[in-house]
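Quick one: the structure is below, and I'll ask about it shortly.
Per-chain numbering from 1; labels A, B, C and D assigned in written order.
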Amino acid sequence: MTYREAIGAALFDEMAADTSVVLLGEDVATDGGVFKTNAGLVEAFGAGRVRNTPISENGFVGVALGMAVMGLRPVVEIMFSDFLPTAGDQIVNQLAKYRFMTGGQARVPVTIRSIGGATGRFGTQHSATGEGWFLGLPGLRLATAGSAAAAYAVLRAAIREDNPVIAFEHKGLLARRGLVERGAVAEVGRAAVARAGADLTIVATLMMVERSIEAATVLAGEGIDAEVIDLRWLNPLDWPTVLDSIGRTRRLLVVEEEPHAGGWGSLVISRAAREGLRLARPPRVISLPDDIPVPYSPPLEDAILPTAASIAAAARELVDR
Amino acid sequence: MSLERSRWYETMVRIRLFEERAMALFMSGAIQGTTHLCDGQEAVSVGVVAALRDDDVLTNTYRGHGEAIARGMPFEVAFAELMGRSTGCCGGLGGSMHLADFERGNIGANAIVGAGLPIAVGAALAFQLRGERRVAAAFFGDGATNIGTFHEALNMAAVWHAPVVFVAVNNLYGEYSRVRDTTPIDDLAARSSAYALPGVVVDGQDVDAVHAAAKEAVERARAGRGPTLLEAKTYRYRGHSRSDPGRYRPADELEAWRRRDPIEILGGRLTAGEGATPDDLANIRARVAAEIDAATSTAEQAPYPTLADAARLVYA
Amino acid sequence: MSLERSRWYETMVRIRLFEERAMALFMSGAIQGTTHLCDGQEAVSVGVVAALRDDDVLTNTYRGHGEAIARGMPFEVAFAELMGRSTGCCGGLGGSMHLADFERGNIGANAIVGAGLPIAVGAALAFQLRGERRVAAAFFGDGATNIGTFHEALNMAAVWHAPVVFVAVNNLYGEYSRVRDTTPIDDLAARSSAYALPGVVVDGQDVDAVHAAAKEAVERARAGRGPTLLEAKTYRYRGHSRSDPGRYRPADELEAWRRRDPIEILGGRLTAGEGATPDDLANIRARVAAEIDAATSTAEQAPYPTLADAARLVYA
Amino acid sequence: MTYREAIGAALFDEMAADTSVVLLGEDVATDGGVFKTNAGLVEAFGAGRVRNTPISENGFVGVALGMAVMGLRPVVEIMFSDFLPTAGDQIVNQLAKYRFMTGGQARVPVTIRSIGGATGRFGTQHSATGEGWFLGLPGLRLATAGSAAAAYAVLRAAIREDNPVIAFEHKGLLARRGLVERGAVAEVGRAAVARAGADLTIVATLMMVERSIEAATVLAGEGIDAEVIDLRWLNPLDWPTVLDSIGRTRRLLVVEEEPHAGGWGSLVISRAAREGLRLARPPRVISLPDDIPVPYSPPLEDAILPTAASIAAAARELVDR
């Protein structure tokens, strides 16, 4: 099934399994939603549980929090990840902290589905993945879906999780097909090895996973055997899986669709450095530029994004070819 | 003397004496950080809470001791929270600004202006979805009516007929700013018309009036007829927070409001023909004062939480 | 025929044909990404812009081609921007959603709902502070009246008597949602009362009516008498964006609105007794169509910006 | 003068020098402002230029942007850094991107003064420094004031900068005295060596600068000579100064009052690792816990913060003592 269908299937299965799961967001109940991820949901579960909201991101994230502390399990759609800062207060000061500052009285099982990422020619205000924006917020889980399988199983895990989760999706992947194991629920905090390999470790999320796999395929033809880790969760971050891989390959390449400053990639590299891992080469990063926002102009949008070619080039340098 | 109204009287006294003791403890350094007291506003907390059922819920603010006590939080639990002790309502992790008490339906005292409104709407929608006839109330200040979440919350509540009552506690100031310097209208309740909701202004010094208006709004919500914006005109006797002497207030303003003290007003009614004697009221006050003394020392003897305790609470 | 109104007619035709060509270019793949067209709404763009002086400014939205063209952006500049070419108004970095044109006073077409309102208020305050008698207008949709910044912007503008005109372009839908499904009132202009501001509803298909109402609001602002909330009832002929077929619309709705086409309405007036002939109007259309053809190919031949160009523009 | 007075002096001097500088924020014009940083300003420059706002953070940051593109140079006070996310959209999608997405037509000289940090017993929603939240936003400058001198000179530089700047201050430092050179304007992007030393490099910001200096004093008594760098700017980050220091000391300790995830510290360590600097020891971090929000309870607030003692202990390990 497609990544888009996988999202819909995860929503459907969780709503069918648990009547406390409700869906909120702009136009989520009309015409399958703006990204057609919600086809059939309102028909199956009714307008009470699948609810179109006004354009009030901060407000309806707050509504979800109120629902959650009263026993519901809301899933909120933020149509473009760029709109997450519009709900900044309810994410940073409420969702993440609510349980802690009430001394554990509250339980906040809210999932925010956030669809982001470039390649669509959507321009500067509609292309962020946003995945690094909410690092460093204890209490808030962060998940990403780099494949159709993850779009299904990670989203199900996020919905079942008793803590708030932002589940990042990539709009450039919506039409991708992949094998989805219906019924599977991912483990919170567990990365996936998207391609096993022995020569270097590539850590990626979202669309960068497929670009890294593409690069690995090219590299394989050159005799370079890259391991690609789809990190899946940024909080908690699956350090053991990364560590195990780097321990074998002794080469680390981070590929992120965000500037390196403030992102998860710098956290991974910092951790490797702090643990004193002996690497054959200094770690490398392919990311969005730290100093250029995403431009609309199609050739420029293409130029700032990591590509299979740029990833492969960095990988070759890491293995001295 | 009506049993219910004498209880309101006592509750207002409880809030008043709690606030006075809290201030003393802050000034003496026994409590650290900041606090936002509500003395002067007791009738709003008590009148609205009296209109709620036990299974109704409310969200409120950093100026939230009044609703905590009106809902029955024991003094020693509240003081312990202010002192950061593990026996506080939030295990000492919240402090004065965050007297949440889920057991008693206080689902969050928020230190971000306006943030509690959509949360109350969400709680109300949970009730609505499950077909429970419960109501949520949101307490917030005059200043909060200027932040975006106020607008978003009222709009969503109206569109969805959420069983919620919005309680604007208009104490004339948001921090140092008079309402009219930040808000172009006099009656905040008038903002209800932007959402086709009823807006009601009530004398926030008169607990009977507050209760009557709140009761109507709560019943309306419970009956599925949607939200109300209730504005209570009141006054905080102190500066915005511990460190604020309130220099921006005109001379005499405080005195003028003190002449309409909510405790005095209800006390006057109870003694004027409702059978209570001044002694009855003095006894209530004395009993509460003694309880405050005891609670303070209980709280002071409670242990601080450990970091390990705190770490366990971050995630469910 | 009034020269001014025949110019309005021509400008509406310019917008209409621009949008039609833009859609064709998107469908053919010559332009990538998404676009939000405003055909059907031309009278709002043109009527309001005609009430502004050249040194007045406006903010608008992703559905902003109308105001760009009404303010005189050359077709080839607009097309080049849609095509991501360096000769576009934003050097190709903005695209269809961001037709800003500072030279002509269009200080930002925003892709975040509601974000342009406080920006217009800020511009207006800059004028006020410097004692310039200039005015700012903010264009936004019906859906934007539900986001917090709408409320915050109107409140601040009212408190400070900012010389700003808020133009709510009520085209009945925010994306797939009908106004009444997300907003509990029929006339968005009524929200003005929450800020003690005048609220005016105008027929957005009638450029004369829009212009008259806008003129009054602009003059009011210029005279220092504060902001106005102007609501224009109109309709977008297309789906929300390129990919939206608009299936959620009732049958006949589009046809009903087309019968009140703003270009036809003004055209009818101009030919019924104001001296214009059908041929005059056809000539205008033909001239504009030719200009569109020429502009399209000029734009298509322009180069893309380089990454080095872009990098230089990030910081001043 | 005190840090608080230094802020006031910088505001005064810039407002006196340039009539386009205006001040906006909640209660900035009353009683010297909530933190008394603005004493005398409204009296000197009038209520037009020193303007109390309604409680509308996202709105008045947007107002500042509108003023800026029309030629003013607004300084916005965000009373507690925790409220920055309330203005999330105007910071992330507007201020940072406005110039770029208009193809360079706009100039956005907005300064946001943001007062943050713990030690005040202000609890979970009033204690963040927020300094790492807006990393990774090309177009947005980030400055911090770790001393009275910086509170003056960095703020003046921020106000003069033609790009948007968030200038972070620490409320725990307001009463600190320090030597302030009236008239000095800091260089954008230039760190300050707060204490020269040869044995290890400590990089810090805000209140962590003074705690690091305290630690260095203790360490000096033990014969360990620590260099303390007050980073001052997070964007642009003064890598040359950090690099020069690490090149000499070959030991790196990052001290940050934020969780390490998503902060500037991971960026510094990542950069050192990517450049393949040969360090004598793996770099170390002392930061807020990644998994505990700031608690109110005074002993717990103290316990989660880096202290001179915890900094010194980490330093000793770095130099093998």
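As a working rule, a contact is a pair of C-beta atoms (placed from the backbone, for glycine too) under 8 Å apart; a residue touches a chain by one contact, two chains touch by 3 or more.
Just so it is clear, the structure is predicted and the values come from calculations on it, not from any experiment.
S.K.: Taking each chain's centre as the mean of its CA atoms, which one is farthest from the centre of chain C?
M.R.: Farthest from chain C by mean C-alpha position: B.
S.K.: Starting from the mean Cα coordinates of chain C and chain D, work out the distance between those two points in Å.
M.R.: About 40 Å separates the centre of chain C from that of chain D.
S.K.: Just how far, in Å, is the C-alpha centre of chain D from the one of chain A?
M.R.: 29
S.K.: Measuring centre to centre with CA averages, how many angstrom lie between chain A and chain C?
M.R.: 36
S.K.: Spell out, as numbers or ranges, the residues of chain A touching 2 or more other chains.
M.R.: 53-54, 56, 58-59, 82-83, 86, 89, 93, 100-101, 123-125, 138-139, 289, 291-293, 295-296
S.K.: Where in chain B do residues touch at least two different other chains?
M.R.: Counting only residues that touch two or more other chains, chain B contributes 91-94, 98, 110, 112, 146-149, 152, 155, 159, 181-183, 310, 314.
S.K.: Touch graph of the chains shown: is it line, ring, star, complete or other?
M.R.: complete
S.K.: Give every residue of chain D touching chain B within the complex, in rising order.
M.R.: Residues 26-27, 30-31, 34, 52-59, 82-83, 86, 120-126, 289, 291-293, 295-300, 303-304.
S.K.: Which residues of chain D touch chain C in their complex?
M.R.: 22, 48-49, 51, 53-54, 56, 58-72, 74, 89-90, 93-94, 98-109, 138-139, 162-163
S.K.: Please name which positions on chain B make contact with chain C in the complex.
M.R.: Counting only chain B, the residues touching chain C are 146-152, 155, 158-159, 181-185, 190-191, 193-197.
S.K.: What does chain C use to touch chain A in their complex?
M.R.: By the definition above, chain C touches chain A via 32-34, 84-85, 91-95, 97-98, 110-114, 143-144, 146-148, 174-177, 181-183, 247-248, 304-307, 310-311, 314.
S.K.: What does chain C use to touch chain D in their complex?
M.R.: Listed in rising order, the residues are 57, 59, 88-94, 98, 100-103, 107-108, 110, 112, 115, 117-127, 129-130, 136, 148-149, 152-153, 155-156, 159-160, 310, 312-316.
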